[in-house]
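Attaching a single structure in structure tokens format; questions to follow.
Chain IDs A, B, C and D follow the sequence of writing; residue 1 opens each chain.
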Amino acid sequence: MQNLLTIDDFHQKAISLLPKLSRDYYESGSDEEKALRRNRRAFSRLLIRPKCLVDVSKSDTNCEFLGKKFKSPIAVAPTAFHKLCHPRGELASVEGISRFGGLMICSSWGTTPLEEIAENRGDATLWFQLYVYKDRPTTEALIRRAENAGFEALVLTVDTPVLGRRLADKRNAFTLPPPLKFANMVATNDSKVHMPKVPIGDSGLMAYVSSQIDQSLNWDSLKWLVGFSRLPVIVKGIMRSDDALKALQCGAKGIIVSNHGGRQMDCAPATIEALPEIAKVAGQIPVFLDGGIRNGRDVFKALALGASGIFIGRAILYGLTVGGADGVERVLDILQEEFEHCMKLAGCQSIADIRNTPQIVVSSSHYSKL
Amino acid sequence: MQNLLTIDDFHQKAISLLPKLSRDYYESGSDEEKALRRNRRAFSRLLIRPKCLVDVSKSDTNCEFLGKKFKSPIAVAPTAFHKLCHPRGELASVEGISRFGGLMICSSWGTTPLEEIAENRGDATLWFQLYVYKDRPTTEALIRRAENAGFEALVLTVDTPVLGRRLADKRNAFTLPPPLKFANMVATNDSKVHMPKVPIGDSGLMAYVSSQIDQSLNWDSLKWLVGFSRLPVIVKGIMRSDDALKALQCGAKGIIVSNHGGRQMDCAPATIEALPEIAKVAGQIPVFLDGGIRNGRDVFKALALGASGIFIGRAILYGLTVGGADGVERVLDILQEEFEHCMKLAGCQSIADIRNTPQIVVSSSHYSKL
Amino acid sequence: MQNLLTIDDFHQKAISLLPKLSRDYYESGSDEEKALRRNRRAFSRLLIRPKCLVDVSKSDTNCEFLGKKFKSPIAVAPTAFHKLCHPRGELASVEGISRFGGLMICSSWGTTPLEEIAENRGDATLWFQLYVYKDRPTTEALIRRAENAGFEALVLTVDTPVLGRRLADKRNAFTLPPPLKFANMVATNDSKVHMPKVPIGDSGLMAYVSSQIDQSLNWDSLKWLVGFSRLPVIVKGIMRSDDALKALQCGAKGIIVSNHGGRQMDCAPATIEALPEIAKVAGQIPVFLDGGIRNGRDVFKALALGASGIFIGRAILYGLTVGGADGVERVLDILQEEFEHCMKLAGCQSIADIRNTPQIVVSSSHYSKL
Amino acid sequence: MQNLLTIDDFHQKAISLLPKLSRDYYESGSDEEKALRRNRRAFSRLLIRPKCLVDVSKSDTNCEFLGKKFKSPIAVAPTAFHKLCHPRGELASVEGISRFGGLMICSSWGTTPLEEIAENRGDATLWFQLYVYKDRPTTEALIRRAENAGFEALVLTVDTPVLGRRLADKRNAFTLPPPLKFANMVATNDSKVHMPKVPIGDSGLMAYVSSQIDQSLNWDSLKWLVGFSRLPVIVKGIMRSDDALKALQCGAKGIIVSNHGGRQMDCAPATIEALPEIAKVAGQIPVFLDGGIRNGRDVFKALALGASGIFIGRAILYGLTVGGADGVERVLDILQEEFEHCMKLAGCQSIADIRNTPQIVVSSSHYSKL
């Protein structure tokens, strides 16, 4: 791992290690994978206008989410099925994140029961990502378990009424290889615990979502959830300012601007494109971003454009694949190191400084006129 | 066909099956094939800004053209010579379209007589595409036959005073291989029934058009047609709002924004680029679009920008080549499935909802400023 | 030649026939060849918005330059050394142009004496391109000879105070292979008749220009020329509207917007980009364009943006290389055919119609906003 | 060297000669090398709008920096470790520059003591580039030595509080191969004289900077330096107009717009992009530019957009590698020749003329609208 200097290095290495089924599941976006690429390219088009002659010997990256302090704005997005790439799965992830002192959002679709992750959380902070099942009691039970296990927030994913058409998964007839399963579902209900077997051309996960997940989820459902749960509710998957305002009105305590890593609406804008209009209206509540973060400059750009913090999805899976808990920790360390380095080269002493410097980040079209 | 998940898959497969003469005839655009590529690229540049937390369990795609209800806004553009890729030709096409319950525009240049298609139309709705021959009686006879056979509209193609220079056809000295012929022409008139033989460097179809088709067609001709025929007249091939207004004034009952799939004016704008200015002025009458539609997101975009429905040209030919009536049906099913999927991910419950949501579709330049 | 359907086909063929020295001399632009490519790409970025339902059976392309009627706005730019690619050189060119009934500008640097071309001009109209020698009597003699031989205008090239750095010519130590020479220079003056021999890394033509051509040429020189000659003076190589105004004030009777086919200032705009601002100020006098014209759509675009006519440089050399007089004629015929075809598809009946239709040609950025 | 006609030719040749360690050190930018590429591409996007009919027989390139006259605005940026590519190192460089009659900024990190360079300066003018060491006495000693040796200005580099992450150097575990060393450091202090040895994955130079260079440098430090030194102070590495104003207020006598050749902030704008806003505010003091200059047109563009002169970094190293003092001289001669040539083709008689001609240089987007 000593030779892996960037997340892209980890990416290449992970690709070489993973079997096709898992690799395709991790890598793919939906349909033509335009949103997947756009997330990256939109970051590329942003420029940082560095300040100079600022004392950066004492630059710090401290921040606070939902009243809790963190050493870094870099946190971990929910991703399903960690055992697809590492035998210890979510337990290895949480161990790496704990060493980093970070925040992890655990997916509803873990391959390790949420209680087990919580018991092993060490210095990690845990939030729970919620998929709402058609069967409301199933959903309610999940929420109560997360509350009891010590999760500190609920993250409601709102971009998945149906699952994105990920073609590679369809060509692979993707399904969880036994003995892996939806470890948060109770063993008595087979259709919730296991993906259906499907023929080539179909995805077991698409079929699962279509039979289990509630397509009728709406703003009233959010209000219900805010009332039902003791935990603050964060809405994940908002891409428009009008929806951000509605979330606010329904009682959300935070927003994650996300297009699900390019895995749902293939023609979606990049998340870093959608961020500014949402940050502008969100006012009181924090706005986070995920999608396409691959280095510390991306983190800097997201904060400059209004994010309170950012989440990484695939990067963690690359680390987990390559080196289990060590890999996860290393990936977080690299991003943090790059982010601090970027702050210093930009002449910023703190996250507040990043946000308050006018035009510290601009679109490259800023310079296209003379 | 189980493994063919997208229209692009059908495209690749069809290419591998077709002999060079037909493949080139189907694939090519005119001259440098810029309009052909532009049709596609212009769709690529559009983004969909998804809404979330909308109950999409009851999304529906119903629509109405010329007073008749359809389950889908996806319909079939006129394309000539279906027997070039399948022995059953237009009859296989209409069978697939009937199973889908769709709308088919039959070309003047079918390789099956229009009456035979009409008899086999099943649940398909038929419109007739008209090329106006220099010999006016020929034209009038065609119209009356279409009316009598049960076609429900006439579609006047206005972008073909001369045929586009399709270089591949010239290099192939393209001509219909016997026994194929212009099946709607009466057998006694050889120069209308058969393309001339031409040397390498010429296209038989260009020569045919130049000798048979009326270059003097003008707005008065349209007025004449509207008066002459009992059927509503749709004008196909309009690319400017001033022309749309004229068509309206001449009594057209619909407009198809089209650049003939990039086969006529090579420097034409993409149809999806031309659509908005035309939709803005068309007011009372429906505006349709064809050109470059290859997936359900494209359909969504066209509707969002003002189309009442869309037509597909080559996609149907790919399905026909690969699987006859089954292939045609499958192609329509894939597009419909993708379109519905896209609606759900965009949080739209109906076609009206797509059209009425502000900025549901934007140019990617929407985000280029900060 | 039957298989060569486009100028690009002629280009490919010519490249395969020419020896490296001539090929490089014809093909190259200066320095990084950016202007050379830009001339082409700028045409590519323009779109034609076709009108429909116009009677184009009687479209015509007649036009008038300096009071003389031509069947086509397509004319021939001055290019040096025609014997580098064909043994009959300028005589073959003028024969082909005569058959087309066209206009040819003969270069000062012909490999055939101007009188000999004039005697063989047939139906061609001839203008004479002037390079001003440091030695003023040489220049004056050239002018008088052109006047006496029946040339109908003088074309003063103003973009060549020094010769562009064409790297390929330098690597080839380009010089005219004997017995070729500057055939318009009088035999007694060797340094004007022959390029110097140079080592690898230098260009004989650059050395020739630097020793012979007048770097001090200025607006007063133009005034002098207008006074000195009986012929109307056209200024070739203007790229800015302020310079166009000055040319007008000095008595020029026409302007050719030109960057010398990308062979002089490598960072110059494309000529089609520079055209509109110049056409706007030129008012009374005709504005022509050369640079990057390779097909009939390019001709259409130049006229739509304000050109009275266009000149082709390399295209003629490709025709000459491939087929002598026949090749030259064929190249002109192809362009003319494509241009007429384009007019019909655009719904234009005449050159005036092209110029007077609003937004018949637009930049592709026209459509980049929604 | 006769065959090397451009800086790009020198570049290719140098690459073929250098061992991997030096080559990577010279070539690389930081992180993804976006700023490195952007510096070049931004020049490419600029167009020169040539004037014509200007007497350019007497064009001249004279200019004046800090009250001293130079024949050319092309000068030499500070680059470290010249002995990495040539045994005579900085002495060969200064010899070539002297022959050109040019200006050289010597790096703090020379592999030849500054006094030795100064003694051999011949007709070269020398400025001294300063890195501020945490150990202030070290810094002060350097300054006094430069003053005493006859350097005529101090150039304070402000873009390097930490060293950019140059991945190739990390993969090479870059360190100066013995006997090379930081020749300006006094032999008694080993940690300043030698880079630390580092494992693969680290860069010795990054480690050196992090242990030796002062991260707390700020605007007060600049004020201190202006007071402390007898020499005028130039600030190198400014990329924003607000910082330019601050530098002015702190007493700087010049500004070099620089992103360190793309080696520090990887997401920085190109220097030619940042130049105009800085030139606009700098008023009294000269603004220079470095970064991406590879030919004479680039020089022209920088002057047109407000630079008083420009500096070249890598180009000199290519010359040095290929031909020692001769190579350095040749590189400067080529650039000068190209610059003069460009002036003539642009119709400019002097540097003042370049700056005073409206829109002589424009962004290519200038032409994107019709």
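Observations on the model:
The rule is short, and it goes like this: contacts are C-beta pairs under 8 Å (C-beta built on N, C-alpha and C of every residue); 3 or more make two chains touch, one makes a residue touch a chain.
Predicted, not measured: the structure shown is a model, and the values here were computed from it.
Note on subunit A versus subunit D: their Cα superposition corresponds to a rotation of 90 degrees, in steps of 5. We define each chain's centre as the mean of its Cα atoms; on that basis subunit C and subunit D are separated by 42 Å.
Per-chain Cα centroids separate subunit A from subunit C by 60 Å. Annotation for subunit C: residues touching 2 or more other chains are 366.
If the chains shown are joined wherever they touch, the resulting network closes on itself as one ring, and no chain has more or fewer than two partners. The set of touching chain pairs reads A-B, A-D, B-C, C-D, using the touch definition from the header. Chain contact summary for the complex, subunit B toward subunit C: residues 31-32, 34, 42, 158-159, 161-162, 164-165, 167, 170-171, 199-201, 215-219, 221-222, 235, 237-240, 242-243, 246, 259, 264-270, 273-274, 276, 305, 361-363, 365-366. On the subunit D side of its complex with subunit C, the touching residues are 2-3, 5-6, 44, 46-58, 295, 297, 301, 338, 341-342, 344-347, 364, 366-370.
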